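Some notes on the structure that comes next.
When the chains are written out, they are named A, B, C and D in that same order, and each has its own residue count from 1.
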């Protein structure tokens, strides 16, 4: 089998997260592959619709839950639009897992602050569930999640689940103007929400994903809280084709996002040429 | 390394035998419409091959990484998707009369194709191929192989190299594959022949060397440190972003993967040549383009060839064949540009050293 | 069951794609149908707002995906629902037709026609003539240049 | 070309323009020059090797050039026609560019292999030139040279192709288009190809497949040539840029000839003359329509 050959996966479940964002739960058509398939939080894959092409997303489900993987996508291009037209039982292709991952081993025994904006919750959610499935190995877990409007919040059922848990501190926020009359969360942008929710960087890792502008304005807040650059983790989402370091598309200077990433520390990002 | 003397007749016989055995033989062939032009093409008889006539238009990378190739074919049925794999083993092929720089380019690209994940399609063809180069005699003032650590007599990537010698060739059998190809052909080369072939190599080298001094290893680090240098703003003004350079380059290997329907129910997934010089290469789904103008795209080309690849794989992603310069409709000249960057790097390190 | 190829050679019947305007030709074709005019069943009609909506790539793509012939039809000049759409279309079709000829592609496989809403008879003729011509030319393959 | 250099010096030193786009001698022959400092105007040249159409560089989306500021551009008469095209199609404004016209008596087909202008070496596009003096120029340079030598090679090639049977013509073009590697150099070098997003890159729907197969190559060139109908100025930058030496000039010239005959339109360097595909005549020929 050549390295560009995808596994065939069946869509087991489809969840509409927002008007334009959808989650697929996928299972391997060949159960023997499903049994041996292993990955780590933060890794990504190439998902394909036959006849339309491949598209790159992270694996949004945690490695602690086997038998299936999940991905969340927004219909923007040719492939994601085609994915959106698929129904339960349809076939998609999957190649992966590729790339590096969040260093869970390193985070064990410490507190973690998860910060996500919009669909940026997908890669973070993978780590969140991974951590929650091994909850006793970590100290405090804080989740700060925001979107432009209430309607843009993804994984709503899980947000409720996290809110109900005693061992998770959840802070939800929507941008000013994006709230509804029933909204009980904060009305603030993410940097403000972080400022109000996080009090100390002591013994804590930060995992942050979201639109570039959100990351740009949140990093200074984390720095002010004394998070060292090598304890802040984020992911980059460059355009990719092969995911294998061959097609020459995702590099930022000497760094290949598909192989050296997609997970980077804030310190690593600062050292990169600013071409992403 | 074994060295043999092979007559022109023996070479013709060898090629004839290969063709008779239905081995694919590729050699430089003259373009019928424009006799000044030469292309690497599969031949049907030895007489079609022209050795030492001109630099072939395209490098021979297309025999290893085709312009477009099928990665898989699919059929959409009521029961689901049926995929047909493509074979990763290729039928044997022998390339005669390759330029040494083109052979070296393949060896260079091997490294990225084997980086953690092995590209079996590339290596399937690589392993099925025997490459016989001819010591280069077609250099012009744009060639700069000696500046990137190669040379017209360099056998990197060659299985065998032929050097013209009175009525025939001295064959340097570089690899086992080369030995095997020439098994039972020719006679042992004498000391005189060997020293004459070495002189031919030196003379060929001397023709290229004045074009560009050896590119110093420090360029790689300078490029890395000077990603935001003002020089990048104006370096690519006349570049059209047409990517003809990448198409002809023996080491440019970037590709795109697309699905193409052949009917409503069936089609293929293909790999096609692509290039960092095109404006859509890195565009995100959101519309954001990290390399928004040609300045950034050309910087990527230079950085990849002379800094990224050296830092990752220990060698430059350039064989100095000069095709990019010859084909460029905008008159961008890589050896000149690299030469200018080297002087810039030198002058800046002198300033900072004081 | 016969393989596709065997079927193709024994009982081949051309696939013809018709790009027609909504206001005249589509109605004319409808009239031909309701008048029970006898027509070859080879034509697949694609309704467009106006003949000027026909991009040359529609025709090229139709051939690429297996059409053996193409009909492009709209209102007579002067009758365009959008006043001037077909005048502009006519200029483009003229050059497209010339280019197909120059590329050696069988321009005989493409029929341009003006068919009004009342010309059910003319639609019948266009369909039958095109089908007969394409039948005579045989199956179009991309290699033989049937692809537009 | 002393006057041209002096004019460029004046424009730059008085700050009228920030960059003069002209011709200079490069390592492999004449190429575009981007002169931004008055002391560099000595590089500017003009001779029969100046084949390039520099108006390609005026594409407003070439950010690396627009960042240099207001340009002056050296144009031959033929190039002035694409300048007019860019103005006509609202890509640039006439008063935002200083036009330095050079009188021209023809350029070489292939400056690398010839230097003297003869009936054999002259570019086919120069035959019958009607714009040896660009009307669109703000300043004109040089004496009006004699009419260029006449080279009917291309017309003969087109006539020969027209004499062939359809099958022979198809064979000819298949052989040519099979070589296309879809680098799109023809598009990038073309002054009139300035779309923000080319049809070749549209994926929803994907009209033209990305893989370089005969079918998609043919779709690509058909589409490109049709988009150029009535817009092409026959500068032959496409043919010059093609790394595969596909005779694209035959295609564009054939279409231009048809446009001329059908719609009595020829590319001119007057932006106020309407292009043939933005208009129609009620009595346009329709002999091909049933």
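The definition used in the following text is that contacts are C-beta pairs under 8 Å (C-beta built on N, C-alpha and C of every residue); 3 or more make two chains touch, one makes a residue touch a chain.
What you are looking at is a predicted structure, and each value in this text was computed from that prediction instead of being measured.
Consider the two chain pairs A-D and C-D; indicate the one with the greater count of contacting C-beta pairs.
Contact tally favours C-D.
Taking CA centroids for every chain, report which one is farthest away from chain C.
Here the answer is chain A, farthest from chain C.
How many angstrom lie between the CA centroids of chain C and chain D, rounded to a whole number?
35
With centres defined as the mean C-alpha position, give me the chain B-chain C separation in Å.
Their C-alpha centroids are separated by 47 Å.
From the C-alpha centre of chain A to that of chain B, how far is it in Å?
Between these chains, centre-to-centre, one finds 39 Å.
Among the residues of chain C, pick out those that touch two or more other chains and give their numbers.
None at all.
Residue numbers in chain A touching 2 or more other chains?
Expected reply: 77.
Among the residues of chain D, which are close enough to touch at least two other chains?
206
Hey, which chains are touching each other here?
Every pair of chains meeting the touch criterion: A-B, A-D, B-C, B-D, C-D.
Using the touch definition up top, name the residues of chain B that touch chain D in the complex.
So the residues of chain B in touch with chain D come to 31, 34, 36-37, 57-58, 67-68, 142, 233-234, 236-238, 240-244, 246-248, 256, 258, 260, 270, 272-273, 275, 278, 280, 292-295, 325-331, 333, 335-336.
Show which residues of chain D lie in contact with chain C when the two form their complex.
Those in contact with chain C are residues 161-162, 164, 166-174, 199, 207-208, 214-215, 218-219, 222-223, 225-226, 229, 251, 254-255, 258-259, 262-263, 276-277, 280, 282, 284-286, 288-290.
Contact residues on chain D for chain B in the complex?
So the residues of chain D in touch with chain B come to 26-32, 34, 52, 56-57, 62-65, 67-68, 113, 181-185, 187-189, 201, 206, 209-213, 237, 240-245.
Touching chain A in the complex: which residues of chain D?
Residue positions touching the partner: 203-204, 206.
Quick one: in the complex, what on chain B touches chain C?
Checking each residue of chain B against chain C gives 261, 263-264.
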